[in-house]
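Shared between the two complexes below is chain A, which has chain B as its partner in the first and chain C in the second.
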Partner chain A sequence: MLQANDIAWTYNGKTWLFQHKTVAIERGEVVGIYGFSGSGKTSFGKILARHMKPSEGTVTLDGVPLPMSGRSPVQLIFQHPEQAINPRWKMRRVLLESGPIDRDIFEAFGLQDHWLDRYPHELSGGELQRFAIVRAFHPEVSYIVADEMTTMLDSVTQQAIWRAFFRIARMRQMGMLIISHDFALLECLCDRVLDFETMKPL
Partner chain B sequence: MRLNERQKMMVALFTSSLLLLLLISCGWLLSDDGLQTNGALKNEPPSLAHWFGTDWLGRDMFTRVLKGLQLSLGVGLLGAIIGVTLAFVLGMLAGTFGGWVDAVIGWCIDLFIGMPHLIFIILIAFSVGGGMKGIVLGVGLTHWPSLARLIRAEVQALRQAEYMLVAEQLGRTKWQMSREHLFPHLFPHLIIGFVLLFPHAILHEAALTFLGFGLSVQTPAIGIILSEALHHISTGHWWLTLIPGGVLLLVVKSFDEVGERLKQLLRPQTSQQ
Partner chain C sequence: MIKVNDLSVTFTQYEGWWTQRRVSVLHDVSLAIHEREIVAIIGASGSGKSILAHALLGLLPENAHLSGDMRFRGEVLTDRLQRTLRGTVIHFIPQSVNFLDPLQRVGKQVQWGRSKACAIVEQRDLFHRYGLSSTVAELYPHELSGGMRRRVLFATAMHNTTQCIIADEPTPGVHPSILKAMLDDFMRLREEGVSILFITHDLMAALRVADRVYIMKDGRVVEEAQPSQFVGRGESLVHSYTKNLWRALPENEFSVEEEFHVTSE
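Entry: the complex of A and B
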């Protein structure tokens, strides 16, 4: 179980962006977090995936604090894939950074072999996001935090990506935290949706 | 045959590099005989025997110019290496550690950029006793700030880049991240900084020598040749200034060309042009 206990975050040590955020996600569970822009959802997601250290509180995985080095079992997928991929690397190298390419996942997301020899600027946003997702699914990953993962994509691509995403995640019994300000999307994807303000189910 | 943009750049790069190599190797191959004074051959205009003519002491200008260029290229090379190394080290330190390290280095950068650097170069060259050492140190120690500032900004931006965060999540160590993500990104800046500093250093060598703070009068350097030839402009001996000046311009322009082309070729966006 991935647990965030009483998490708080402040940029300057004086004003709190958020405080007392607690959530627990079981493996295989899909939890949605709904909130307005600027409410700190992204920072919360980054803390869960150990991109940032919380100002207060702890993140634990199965009762032990998340290891701060080595491969993280919690992977974050960003909103803008073009920023999450090194513009100087060809896509093959991007994927290999997380280990050998898993053909099942590769094909589930509809990736094509000839894209592997392209640079990021030669692919569309949807294609890049699929690469970013495939990269996140390394063998040790057990939780995925998806932060506005498909917000910048059209609805057809969104649907294709979520479908493949859920297939892989369910197959591997992964827990998921989906962060969005699109309530309809969360309602359709998640087992339960929490309001980021109160952390109560909506 | 139609060439695409990338091939045209390669051709320009190749031609410029070849020209520079040719000039350098000529300087080595030529004997020093042409540097001897010869009273019978004073002020000869360009001819087949003396391509660039002879000067008021009967020395062969072709030999002098090429030997001078070789010396200038040496000065440029050393000066540029010192400058780029300083810029890389200080920029990396400022960008990586931040805090007071960044503040001190930032203050030095502002100081060096704020002062006219020719004055700094003259002071440094003067204080170490002039000559080749003076010019190399003068150029190297004054030409790091703008590149250092660029490196610092790049390092700061890259440390926050999402793909660096992702690499950390994927278990890459700090060293691996620097080697795989950071350095390949900084490398083109260093190469281009180096190539662009090179001609700049040569011009400074010429300028310093021209002003009298550089090399001694008997060394065949472009600056000295130009400085001396200035006294002979009014006598109608045009080849004494025009040809060395033109060759210097050609070398500087070639280097500039090499730098610009490299800059374009190293960007991934140009890979399919």
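Entry: the complex of A and C
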């Protein structure tokens, strides 16, 4: 179980962006987070995936704090893949950096072999986002935080990505935290949706 | 107001040192934006929506080749005319939040291009309207969340000299209440006589305000539709891609017939 206990975050040590955020996600469970932009949802996601240390509180996986080095078992996928992928690397190197990728996953997201020799700017946003997702599915990864993962995409691509995403995630019994402004989407995908303000179900 | 006929755009790219290759990104696109009209362009990323906006504004890079005809109120859109119109008559809301100057406070950036006397007042009003507190004006773009940056970009295009707005994906990642404020502004501007080209992948947002909708796929306009055609299972829509876009919405069936598959090339 992935647990965030009483998490708080401040940039300057004076004003709190948020405080007292607690959530527990079982393996195989899909939890949605809905809230206002600028309320700290992205920072909260980063803390859960160990991109940032919380100002207060702890994040534990099966009762143990997340390891501070090495591959995180909690992987974060951002809204803008072009900002999460090295623009000077070809896609092959981008994928290899995260370790060996299962052919099944590669194919589930419809990645084409000839894309591997392209630079990120030679792919569309939807294609690039699929690379960002595929590289997060390392066998050691048990939780995914998806922060506005398909906000930039049209409805057809969005639906196809989530379908492939759930097929893999269900097969591996992964836990998921999905952050979005799109309440209709969260309702389609999640077992429960929390209001980020109160952390109570909506 | 704006009329585009058979617009095609190709890019010249280099393969290695000596060989050039031509990549075609827009194919024979024809469309019109009439006076006092909100026209939406819907399509996937990579369908050529942004290229179209950049072509209209004269912002394409030098390796782009255009053919076809673009007119503004009957006059051919030459480089020179584009330069005169940009930022005075036509305002642009760019897609990428990276278009904000990283080294300038965002309040200042919204004041740019306005008359000195009212710049600060206008900026404050705009921030208030889009739910940005007065302290935000003193921040730099990297200190803002994605949704806040969108709202700042949106505010930069709101001028009282505007006659036409070309908005390239102005809404993703903003909260529903802010989205409503933005769409309300589009409708208010239309009342005031402004024409708007609303480029988006957010079909629901487009249908709330648009008078007409063009659907783009792979550099082509595949369908022109009325918002009223988007009902039920999309039976009155013509193109299968348009139907899929409609059915794939989480508000509808959240389903499409297509799946990703690996093609051999």
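Following the convention adopted for this analysis, the second predicted complex is superposed on the first by the 202 of 202 C-alpha atoms of A that agree within 3 Å, B and C clash if a C-alpha of one lies under 4 Å from a C-alpha of the other, contacts with A are read in each partner's own complex, and residues count from 1 in each chain.
Convention: contacts are C-beta pairs under 8 Å (C-beta built on N, C-alpha and C of every residue); 3 or more make two chains touch, one makes a residue touch a chain.
Model, not experiment: these values are computed from the prediction.
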Checklist entry - Regarding the shared-chain residue A:Gln75, is it in contact with chain B (first), chain C (second), both, or neither? => result first
Checklist entry - After lining up the shared chain so the two structures overlap, which partner does A:Ser98 touch, if you call chain B first and chain C second: first, second, both or neither? => result first
Checklist entry - Which partner does A:Arg163 reach: the first (chain B), the second (chain C), both, or neither? => result second
Checklist outcome for this item: Partner touching more residues of chain A, chain B vs chain C, is chain C
Next on the checklist: Looking at A:Trp16, would you say it contacts chain B, chain C, both, or neither? Reply first, second, both or neither.
Outcome noted: neither
Checklist entry - Looking at the overlay, what does A:Pro87 touch: chain B (first), chain C (second), both, or neither? => result first
Checklist entry - With the two structures laid over each other on chain A, which partner does A:Ser37 touch: chain B (first), chain C (second), both, or neither? => result second
Checklist outcome for this item: Overlap of the chain B and chain C interfaces on chain A comprises residues 80
Checklist entry - Given the complex with chain C, which residues does chain A contribute to the contact? => result 11, 36-38, 42, 79-80, 107-114, 124-127, 130, 148, 151-160, 163-164, 181-185, 187-188
Item to check | Residues of chain B touching chain A in the complex | outcome: 161-163, 165-172, 181, 184-185, 268-269, 271-272
Next on the checklist: For the complex, give me every residue of chain C touching chain A.
Outcome noted: 42-46, 143-148, 150, 169, 172-176, 178, 201, 203, 241, 244-246, 248-251, 254-256, 258-263, 265
Checklist entry - Can you list the chain A residues touching chain B in their complex? => result 49-51, 69-72, 75-76, 78, 80, 83-88, 97-98, 119, 121-122, 132, 135, 138
